[in-house]
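Have a look at these structures, which come just after this line.
Below are two complexes that have subunit A in common, paired first with subunit B and then with subunit C.
Our next item is the complex of A and B:
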């Protein structure tokens, strides 16, 4: 299931205003590692159904968001809950570490 | 031999950078009534001067005050210490273990007096006595308590208006005066090295573990007066629009966004209307679902002690901040807001015993952050920088009075940094010289006055002690001058000064493809370097890593170098800018000799001095300023209403404390008690 893209405005509304627990992958079209990590997230998404949001930001289309989080390189997966930043994982990550981080954010 | 004590309780009120000459100007104008009372009830020289140690640099002078020894003897000879490995690098020096002289507070504590050493930036941390009577708070940097270790986030200015379409964040922008806070070109404003925070570089864990610091002062742009007057803070731009999606937003409220924690934390905020329909308050929330705000700010009021979570390097902790509205359009079309840096509210790393930290937080309050922004931006100096120090001064006075009144401390050695901190940012603007001719010296002379008035208020917090059997010493490490001229590129305490030494052919820097000097010393051609405030090191074979000067040529080369320095002329004025030059062996005359003082000591001539540090301790500047420290004593054991002609030296303070408390002198003390001011013959 494909991930919903966020721009700067969408980011404000969905991540912060709605306060839902979620992750956002910052990625780039031409990045090889992103091409492996994004599909993994797409596969993972249905398992969490309504409980955890999955989004992506294209850093070339939304540079400000990339700079605002002082990120260096892609892909990077940022986690949020209640509108609060909960940490990030970077690079070629395994499904298990994403699942672990989600569990940590959800407090289960 | 035992002596009878002249007092049982003694407070040293140290004020970093307090200058007797300009103090007398403000006293004469009736602007420092509390100090006036201390003088009337105590003893001082007519000119209020203390003859300062050399160099006129913070850690050496505070160490001299604490030990009664000259810098050449106690070994703390500048802000930083020469790196043992490299001639062009310095290492951290505010570590008591580098001090080779005994501190007076060890003597008072070991004699059974409950002693507090509060933020004394010269050989106080870590504690050097095991006595349970000794308490020490910080002292690892001169700024403010916990500044070096507890800082989690930087200062910010938030600008929100309906014209701004999306939230933007620009970290650590060096903003020249007159430029607004609207981010137009994010690419240009981004600094790649924002992680290298000055606080951590100079005073953080790595520095304190002995890491080398390399700073090259090559031209005016590298000097402190130029760097310090630029204002660096994070800028956040946000849309300002009708509040939507809030659980509890009042009618008519408009929303904007604040980013903290290097951009990863976001706090939604509202501007609120009063009954007359004008926007006059800002409420900041954790998120839009929150029932109540973290804080509601009113116009013209700086609110301190705001506790909120801050994330740094992926760790989230509660931190303390201050905030103030800079501008709020009553019609709701613009808001500008300042938020301070954030201090970790639980960091007790530099408190001994640690229990004192908890007691202070519980009974007085969390450590408030001070602002470090201002410089050439007069609005920020007036609205933020100066008031943030007023708040900090009050907190510090409350802490010390709490310790005195409730905790039974009998001897207190304290230091406050307000004047020196302001001096380093503002004093050079007290004379309008060409590099800063877009500023007005009258405005900045007014700020100098404000900092002396707030210092007088601070001193007034301790006036009651004179009626409670205490002896109070008001003193400083050095003054700060308003420069008559733009200083030459020699004698800046922060690092390796290259320009004059390059002009004279002693220091050679490597060159780029265009023949311009780069920031790397060419050791194969360098015969001598000038580093820290007043020191020149020859590059000696067998002694220095890349030495080229034969040790047998050392004496002759020193002679030539001293002649060349005296003959050097400032390229702006054509005048001599070097004051005195002494070989290491001869510098014993001024107490600046020994292994930590290089091969040659020199000073910069009066008229060409920077704020402090490069001159001898009697130098004077523009606007009735001087680099002299101050000394006033009052209370038990001190003659009331007495003026002495005695030259009081900084080395005389510690032995005077010994006499007043009936204790022995510090082991390496080189001064003598100021017996002329004591109420009894000693």
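Our next item is the complex of A and C:
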């Protein structure tokens, strides 16, 4: 299942207004590592249906967003809950580390 | 069986895709398993100027052409990661991370290589916070900042120059004496003339410094032994590659100390029906053109191996009669004379045996399987199992007595 792409406005709504527990992958088209990590998230997403949100930001289209989190590279997966930043994982991460981090954010 | 193939190729870089083109064209049921994007390392290369027929092409574009070519010959693709293999039987078994089990008569390993990690303090913890391995991916995040590049090979110097498009300054940390770079001469010259490029010679990097983000690197001078700190916001590592062959560790496949797979001229490994091509094998030149050549060679070798295997299984294992596997070589007169003698004997005497002639020049796998080194040689098989070997006497009576 493909990930919903967020722009700045969508980002505000989902993260800070809805306070949804979720992850956001910051990615770009010309990044081969991203091309491995994004499909992994797409496959993981159905397992967390309704419980945890999966979103996507293209850093070339929304520069302001990656500058806000002073990111130094892609891909990076940022985790949020209750409108608060909960940490990130960077680079070529395995499915297991994402699952662990989600469990940690959800407090299970 | 849906998951059973003639040929499975692990890896979708230029070597794997070339093998796929040859395999598909030979009408082998061929599958390419690839864990990331198609094209392997080439997919990360912005510009290729030395692949014949393409004066200038981007890595991803060239690999798209390779893939389309393979698809044209009905090659199948599976996006999965292989985690274990069992090469001990005639049917080779491959297991993927998502629990899929596939089998093939022959397997071509085209797994490529991955960036070497130095494992120095800060390298792992600051990954994505200033530590990077891919200039195309991450260079733009260092707009107007100071960046350190570790390494002096083609990749280090060329990527370093790309980073100067964004960064204020790029400092290259080089192991060698002043003026000595590992990269090609054209790139070295360009780098020396690039005002934004600086070099620190005879040095290596000991640690990446910083809490949340990279704040600097600790540099060690190999000549003096002294350490110094250089302030920077980014560090790109280009310190060579390691073969991606770790999942093959317990397969019985031979590798050298660094994990590269040694092969012969036919890309054959120490295991029957298993071939290794491209960057994951021991080789002299690691380029797209040489990878493609490897792939073609291995696919042809695999095709011949599969053909022999199929022929053997349908004509020998399933035969009602006992089989005399007669190994000969046209260059060895004695073996030709012996063939004539044995054939005469069998045609005169009954139906118990059938002769199956094996030319040593073309049926190398069969010769290898029965460890035949000298001709003539005869192995007697019953239902495919060896029951004895004949003493290849030119005395007709002596020979006849062995067959009664």
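In the analysis below, the second predicted complex is superposed on the first by the 108 of 108 C-alpha atoms of A that agree within 3 Å, B and C clash if a C-alpha of one lies under 4 Å from a C-alpha of the other, contacts with A are read in each partner's own complex, and residues count from 1 in each chain.
In the analysis below, a residue touches a chain if its C-beta (ideal position, glycine included) is under 8 Å from a C-beta of that chain, and two chains touch if they have at least 3 such contacts.
Model, not experiment: these values are computed from the prediction.
Q: Between subunit B (first) and subunit C (second), which, if any, makes contact with A:64: first, second, both or neither?
A: first
Q: So, does A:74 touch the first partner subunit B, the second partner subunit C, both, or neither?
A: A:74: touches subunit C, not subunit B.
Q: After lining up the shared chain so the two structures overlap, which partner does A:12 touch, if you call subunit B first and subunit C second: first, second, both or neither?
A: First partner only.
Q: Give one of first, second, both or neither to describe whether A:88 is in contact with subunit B, with subunit C, with both, or with none.
A: Both partners, subunit B and subunit C.
Q: Per the contact definition in the header, classify A:35: touching subunit B only (first), subunit C only (second), both, or neither.
A: In the superposition, A:35 touches subunit C alone.
Q: Taking the two structures together, which residues of subunit A meet both subunit B and subunit C?
A: Residues 70, 88, which sit in both footprints.
Q: Residues of subunit C touching subunit A in their complex?
A: 35-37, 43-44, 79, 127-130, 132-134, 136-138, 141-142, 213-214, 233-234
Q: Sort out for me which residues of subunit A touch subunit B in the complex.
A: Checking each residue of subunit A against subunit B gives 8-9, 12-13, 16-19, 63-64, 67-70, 78, 82-85, 87-88.
Q: Please give the residue numbers of subunit A that touch subunit C in the complex, ascending.
A: Within the complex, subunit A touches subunit C at residues 28, 30-36, 39, 66, 70-74, 76, 88-91.
Q: Can you list the subunit B residues touching subunit A in their complex?
A: The contact residues of subunit B facing subunit A are 166-169, 171, 186, 190, 194, 244-245, 257, 259, 261-266, 268, 286-289, 309, 311, 314, 316.
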